[in-house]
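You will see chain A twice below: alongside chain B first, and alongside chain C after that.
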Partner chain A sequence: MKGKYYLLLTLVATLVLLLGLVGCTPAADDTAPPVNGEEEEPGPEFDGEIKIAVTGPMTNIQGEMMWWGATMAMEEINEAGGVAVGDEKYSIRLIQVETDEIMDPLGAVSAVENVIVSEDPDFLIGGFRTEAVTPYTDLVARDYQKIFLICGAATNELLQGRVDEDYETWKYLFRVTPIRSTDLVRVTMLMLHEVAMAVREELGIAAPKVAILAEALEWNEALVQGAPAVYFPQLGLEHVGTFRPSATASDVTTELRGIEASGAHIIYTIMSGPVGIPFGKQWGELEIPACPVGINVEAQKSGYFPATDGFGDYDYTLNTFALNANITDQTIPFMTKFMDKYGQVPNYNADTYTAVYLLKEAVERAGTMDTDAVIVEMEKTDRVGPAGRIVFDEIHDVIWGPGYVTAVGIQWQEGDLVACWPYEWRPDPQNAPDLVVGFDGVVPYQIPPHVLRQWRGE
Partner chain B sequence: MLLSDILVYGLMNGAVYAMLAIGFSLIFGSARIINLAHTAFFMLASYAVFYFGSNLGLSPFLSIPVSIILVVLIGVFVYYVFMEPIREHETAVLIVTVAIALVFQEAVLIIFGGHYRGVSSIISGYISPFGIRISYQYLLTLGVVSLALLTVWLLLMKTRLGIAIRSSAQDREVANLMGMNVARIAAATMAISVALAAVAGVMVAPLYTLEPHMWLNPLVLVLAIVILGGLGSVKGSFIGAMILAFIEVTVVFLLPGGAFLKVAIALAIMLVILIVRPEGLFGVYLEGER
Partner chain C sequence: MNLIRIALRYIRNEILVLPTRVIAILFVIGLLVLPLLTQDMYILRILAIAAIFAIYAASWDLLSGFVGQVSFGHALFFGVAAYTTALLNLRFGISPILTIPIGALASVLVGLLVGIPCLRLKGPYLGLATLAFPIMLMGIIFIFPGFFGGELGISGITRLAAARLNEYYIAVVFMLILCFVMWKITDSKVGIIFHAIREDEIAVRASGINTIKYKLFAFCLSGFFAGLAGGLYTHFLRIAGPSMLAVLMSFQAIIWTIFGGVATIYGAVTGVFILFPTLEILRTFSDYRMLIFALIVLLVLRLMPQGITVFVRDKLERECPRCKVRNVFTRKECRVCYSSMK
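Then we have the complex of A and B:
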C-alpha cells in the first residue's frame, strides 16, 4: 500500500514537473486569450485572411509592445476594410508566439518553427534578442522562405553579410525597428556629445572622463569596441574603464563603485536587459557623480520611474518615440492612441505597428500574396510612419539620417519622460551650416542635480 | 582603497549568500532533503513584500513580517504535502522540489507578468565611510542578515530544538530510537530553512530587480557554496558564501571588462578547490560542531 502511495506521488510529481516545463517552454500561442481581446476572426465581408505571426518575449514588456503595436495596426486595417489582394479583400489575423527569448534564446527557435509548421503564417514580425533572432531568422529565411520583418534586434549582422552576400537565401529579411547597431552608436555618440558639452559648460571640465557600462551581450559588441577606439577621441573624451555586468544582473553597486573610483564624469550605458533597473536605482540612490547617457531599454518604459523608486530620474537614453517630439504628423496621434489603449508609453518594439502597414501596402501593390512579388514591393517601400520616413537600403535595413528615421534621445526629468535629442542638431556644419534638425517640443538636456552639486563642491 | 572596497562589498554580498546557503544546508543536514525550491521561496518572499507593500500599500513593518510568515506557512505546507511522504526517496524529492520551484515561477509569471519590478527601500540614502558609498538598505540588510544568522546559531546551539536538529542530523535512526519525533524535527528545520530564505528575500527585494526567474541565479550560487563548504555543513556554507562573494567582488574590481564572468570565475575556483579537497572545505555530514 505504502509502495503504491509513493508511486502515485512520484507520478504526480512527474506530472507537475512536466506541466511546469510545458509552462516554461515557448510555444505558439494563438489560442491564448488575446491582449484585451482584440484578436478578430475574419468577418463574412472578407474573402480570406493574412496570417502574421508576432514573435517575441510576450511575458516581457518588449513582447507586449510588439503585440500591442501590431494589434493596433491590425484593428485599424480590418476596420477600414482589410487588405486588397487583387480583386479580393483579406482581413489580417495575428498569431502570438511566445519565444521567451530573453531567458531561453535556443527555445525560441523551436517556438518559431512550431508556429510555422502548425499555423503556416504568411509573414512573421518581431524578434528581440540577437542570440535568438539570428538562429530563427536563419530558419525562417533558409528553410521556410517566409518574409520576416525584424522589430527589435539591432545587430548589423542580422542583415549585413547575409542579404548583400547571398541575396537569394536572405532576401526574406527586413529590419523596421530599431536602426542598426552602428547607427545606434552614431546616435548615442551625438547624445554623448550633447552631455559632454553640458559637462564642459556647466562643470568647467575640458576633457570629461567616460566609463562604459555595457551588459555582456552580442548586440552591443560594436558599440563597446568602437566607441572608445574611434568616437571618444573625436569627441575629446577620455575613456577610463569598461564595466560589463550580466544583462540579468540584479545588483551593480560594485560596478558603480568602480566607475566612481575611475573619476568618470559620464557613464555611457549600453543595456537592453533588466540590469537597467538596478543600475538606475543604485546610481540615483548612491548619488554616483556621473551623468548616464546611451541606451537603457528599461528607461524607455513608463514603469522605469516607479521600478527605480524615482532614483532613475535624469537617466538619458535612446528611443524611437517620445511624447513631446513631433517627429512626423503621425507620432503624437499614434502615441496618444497607444497610451489610451494600453496605458503605456510605446517603446521601439511597438513599431510593429508600422511593420504591419508595410506588409499591407506591399501586398496591395503586388496584388498577390506571392512571396517574391511582395519582396520586390517591400524593397520599394517609402512610407512615413510614427518614427519617421521608412525606406530600406540595399541590405533591407531601415535607413537612418535626417529626412528618414533618426531616433530620439529621451531623458527622465522630474518624473516625466521628455525628448532632448535632436535639439538644434547640425548634422553637417561644414557643408550645410544652415541645416538644423530638431522636432517640435524637444527640450534641452539637463545634468542630474546631484552630479552638478558634487562636482561643484556644493 | 581597492582593498577596503573589496572588503566592504565582499562582506555585504557574502552575508546574503550565506543566508541562503545556510538555510539550504540546514534542511539537507537534518532531513537529507536537497531542496532545489529553496531559492524559489526567496523569490516568493520578494514578490510577497512587493505585493503587500507596493500593491496593497502596507508599511514595511507590516508587509515584511506578513510576507515571511506567509512564505514559511507555504514552505511547511509544501513540506508536509509533497516532501515528507517521499522523503526516503532522494531522487523523487529532487524532482519534486524542481517541480515546486517551476510551479512557483509560473504562478508568479501569471500573477505579476514578466515585468521587472522594484520595491522601495525601507530607508533611503547612503553613508560613505572611507569614501565608499553604502546605501542604508544594504546596511540594514547586513544587520538583519547577521541577526538572523546569530539567531539560528543560538537556536541550534542553545535550545532543545537545536539539540534535536543536530542529533537528527548526526543520526536520524538513533535520534528516533531515543524518542525524538524526527518527522516533526524535519518539519521544524524546513520552517527555519524557509524562514532564512524568506528573510533574505524581503531584505534584498529593495536592492534587486524582481522577475519570475530571479530564483535561478541564486540557486546556482547556493549549490556552489554548499558544495564548496561541504554539503550539510552550516559553518562550511558560511565560509563558502564568503569565499565566493569575495572572489566575485575581486573579479569586478580587478577585471571590470569581465565583470559578467564573476560567477564563472568563482565557480572555476570552486572546482579547483574541489579537486584538492573533493568533500568540500568542511565536508563531513556528521561533523561535531553542528
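Then we have the complex of A and C:
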C-alpha cells in the first residue's frame, strides 16, 4: 500500500507541476494592464468615470488583443476629453478580467461575477470561447442586466434564439466582432470561388477538385456538411474528400498525403487551433499540389511565416483587417498605431477598439448612463470603424455585406501578409452589374508557385 | 429530554474533546451561518461550487482512496450526469428535483459499464483504462453535435433555485449530508471490506468475500455521488459542456483529495475548500496563477505527504496504543482506558 501511495503522490505532484507550467505563459507585454480592480482616479478634468470590464483569456493572444484594442481606444478617448454624459465629462477606466476560458471555460463565469460584484462595471466587452461565453453572457444579461459587447465568439446562437425570442432578457447583448459564423462561411465561399477562378484560368481545369481539411470541432460542422452539399455544386467544384485532424494535431502528413492522392487542386481549410502551423509547414515542405484557402487562424498572425519556416507562404485565410486593405479611412491608421504600440498585427479580437467607441457614442447620444437608454442608442449605431461600417441588425449582430462589414481575405505572398479579397468583387452581377466592391491596396490572389509548376508539368 | 441529554453528552465527550472534530463542527456551523455575515453573490457562488466539487472529490476518494481502484477518468461520472440532467431538463422540461437523481442513476449505470471491463485491471493499467472513458464520451459528443451541442454544450437549463442564497444552501446541505453518508459508508462493514480490498485483495477473496461484487458496488456508489455533484453543477451553471469531461476535471478530483488527505472523505472536502477558493484568489496574478497554485500544492505535499488534514490531525491528536481511541495530544493518559499515552 505504501508503495502505491507514494506512486500516486508522485503522479499527482508531476501532474500539478505540469498543469502549473502549462498554465504559466510569459508576461504578455510591458504595456500589460493593471489587473482586476486596480484603482486609477479620474483626472481633475473629469466629473466621473465609466468602468468597462474587458473579459477574456488574458494570458493568450486573443485576450491580449482584446485588452490592447480597448486600451488604445480608452487612451484616445480620455486624451480627447473623455465621454460627455449630459453636461458632465467622464473618463473611461478599463478593468481586466482574466477568465482563463481556454483552459477552464466554466470557471470563467466566476471571474465575470467577481468583477461585477466587486467593481460594478458599467459595461462589459470581450468573450472568446463559446462554451464560456454562453454561461457568462447568461449571467450578465439575466442576473445583472448589464450591457455586454461580444468581441471574440462567432457562434450564431449567442444572439440568435436569444435576442429575437426573448428580447427583454437578452437585449443587453451585442456582437461587434467577428461577423457571425454563417457570414464567415459566406466569405470563405467567396474566397474559394476566387481561387477556383484562378485555377480555371491559370491551370485550365474546368471543374477543380476540392478537399476539405477541417479541425475536428463542432463549430465548423455545419460548414463541413454544408459546403460540399450546397456550395461546391453552385461553384462548379468537385468534392474529393474530407479530412478531420485534431485542432491540436502536430502532424498532418497523413491527411496531406490523402489530399494529394485525391487529386485535389484546392484545400478548403477550416482551422482555428494550433494545427494551422503544422499544416502550413508540412503543406509547403511536401509541396502538396493544392491551393489552401479558407480559415486558418494561425495564418492571420505575424508569427505564422517564421513559425512555418516560410513553408506557409501563399496560405490564404479569412481575417478582419489587413495592412494593405484600406477598408475604411481608419483601417491603416489603426493598424499602424497598433503595430507601433504593441509590435503585432491586430487580429479580430482587437476590435474591442471599436466596441469602446460604440459605447462612448451611445452614452453620449443617450446623455445618460441608464442601461435601457444606452441600449436604445446602441441599436441606432451607425459608425465607421477600422473593420467597416458597424450597424446592428434586429438580433444585435453586425450586418455583413457590401457597405457594411465584409471581412477580408489575406494571403501570405513572399513573406508579406496582403489582402486579396474583396478584389473587384461583384456581389450581385444580375441586379447590380455595376456594383464592384474592393478596397484600395488589395492585390490579386496568387496560386502558390509549386502548385503552378506541378499542374503545368514543369 | 433524554435524547437531548444523550446528544449533549455525546457532544461533550466525543466532539469537544477532540480538536479536529471541533474544527469540523466549526466549519459546518461557519458554512451554515455565513449568509448572515455576507450575501456577496460572488462569495456564495464560490462556496456553492466548492460544496458541489467537494461531493465530487469525496466520491473519487470513496473509490480510489478506500477501495484502491485508482480512477483517472472520474469526470466520466460527473459529465454523464451533467449531460443527462441537462438533456432531461431541456428536452422534456423535467424539474431539477428529478433530473439530478436520474442523472446520478445514469452515472451508476456508467459505473457498471466501466467497472465490468476494468475488474481485472490494477494500478496504472486501471488508471489508464478509466482515463479512456471520458475521452471516448467526449468523442461521442462531438460525433452527435446536434444532440449533445458539440463543444458549445447544452445551455438554457433551469437554475438550481430562484435565488443565489437558496442555491448556496442547497449545495451546502447536499454536501454535508452526502459527505456524511460517504464517511459513514467507509466506517461500516462495507467500508472495512473496501479497505481490505485495497490492502490485499487476494486475502479478502481467500476469506470467501466476492471482491468483484464489492468493486462493482464501489464503482456504482462512487458514480452515484459524482453524478449528484454533476447534476447540481449543471443546474447551478445552467450549462453542460464538454469541459466537464476534460482530463483536467478528472485530475482536479485527484489533486484536491491528495492535498486534503486521501482515504478520509473529510480530506477531500478540506482539499476542495482550500484549493478551489485559492485558485480563484490567484486570478489577480493572471500570468503566474497556475504556477503559484502548483507551487502551493507541491510545497504542502512535500511538507505534509499524507495530506493537510492527516498532518493537522496527527499534530493535534494521538491514538491510544491500547484501545485505539483518539486523544488530544496534551493528554498523558487515554481518556477512555486510562493507559499511558507515552
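Following the convention adopted for this analysis, the second predicted complex is superposed on the first by the 416 of 458 C-alpha atoms of A that agree within 3 Å, B and C clash if a C-alpha of one lies under 4 Å from a C-alpha of the other, contacts with A are read in each partner's own complex, and residues count from 1 in each chain.
In this text, contacts are C-beta pairs under 8 Å (C-beta built on N, C-alpha and C of every residue); 3 or more make two chains touch, one makes a residue touch a chain.
Source: prediction; values computed, not measured.
By the touch criterion stated above, A:Glu157 is placed in contact with chain C alone, chain B being left untouched. By the touch criterion defined above, A:Ile288 reaches chain B but does not reach chain C.
Once the two complexes are overlaid on the shared chain, A:Trp67 sits clear of chain B and of chain C alike.
When the two structures are aligned on the shared chain, A:Ala216 is found in touch with chain B and with chain C. Of the two partner chains, neither chain B nor chain C is touched by A:Phe392.
Applying the stated contact rule after C-alpha superposition, one finds that A:Pro105 touches chain C and leaves chain B untouched. Looking at the shared chain after the overlay, A:Glu260 reaches chain B, while chain C stays out of its contact range. In the superposition on chain A, contact of A:Pro274 is made with chain B only, not with chain C. Legend: residue contacts after superposition of the two complexes on their common chain; A:Phe128 is shown touching neither chain B nor chain C. When both complexes are aligned on chain A by C-alpha atoms, chain A residues 5, 9, 13, 16-17, 19-21, 23-24, 59, 103, 216 touch chain B in the first and chain C in the second.
Residue ranges on chain A touching chain B, taken from their complex, read 5-6, 9-10, 13-14, 16-17, 19-21, 23-24, 57, 59-61, 103, 215-216, 241-246, 248-251, 253-258, 260-261, 274-275, 277-278, 281-282, 285-288, 298, 303, 306-309. Interface residues of chain C facing chain A in the complex, by the touch rule stated above, are 40-42, 45-46, 49, 68, 70, 123, 142, 145, 149-153, 155, 198-199, 237-239, 241-244, 248, 251, 254-255, 258, 262, 279-280, 283-295, 297-298, 301, 305. Here chain A touches chain C in the complex through residues 1, 4-5, 7-9, 12-13, 15-17, 19-28, 35-36, 58-59, 96, 98, 100, 103-107, 109-111, 113-114, 116-118, 130-131, 134-135, 138, 143, 155, 157, 216-219, 221, going by the rule given at the top. The residues of chain B lying in touch with chain A in their complex are 1-2, 5, 9, 13, 82, 85-86, 89, 92, 95-96, 98-100, 102-103, 105-106, 109, 113-121, 124-126, 132-133, 135, 137-138, 206-209, 211-214, 217, 248-249, 252-253, 256-260, 263.
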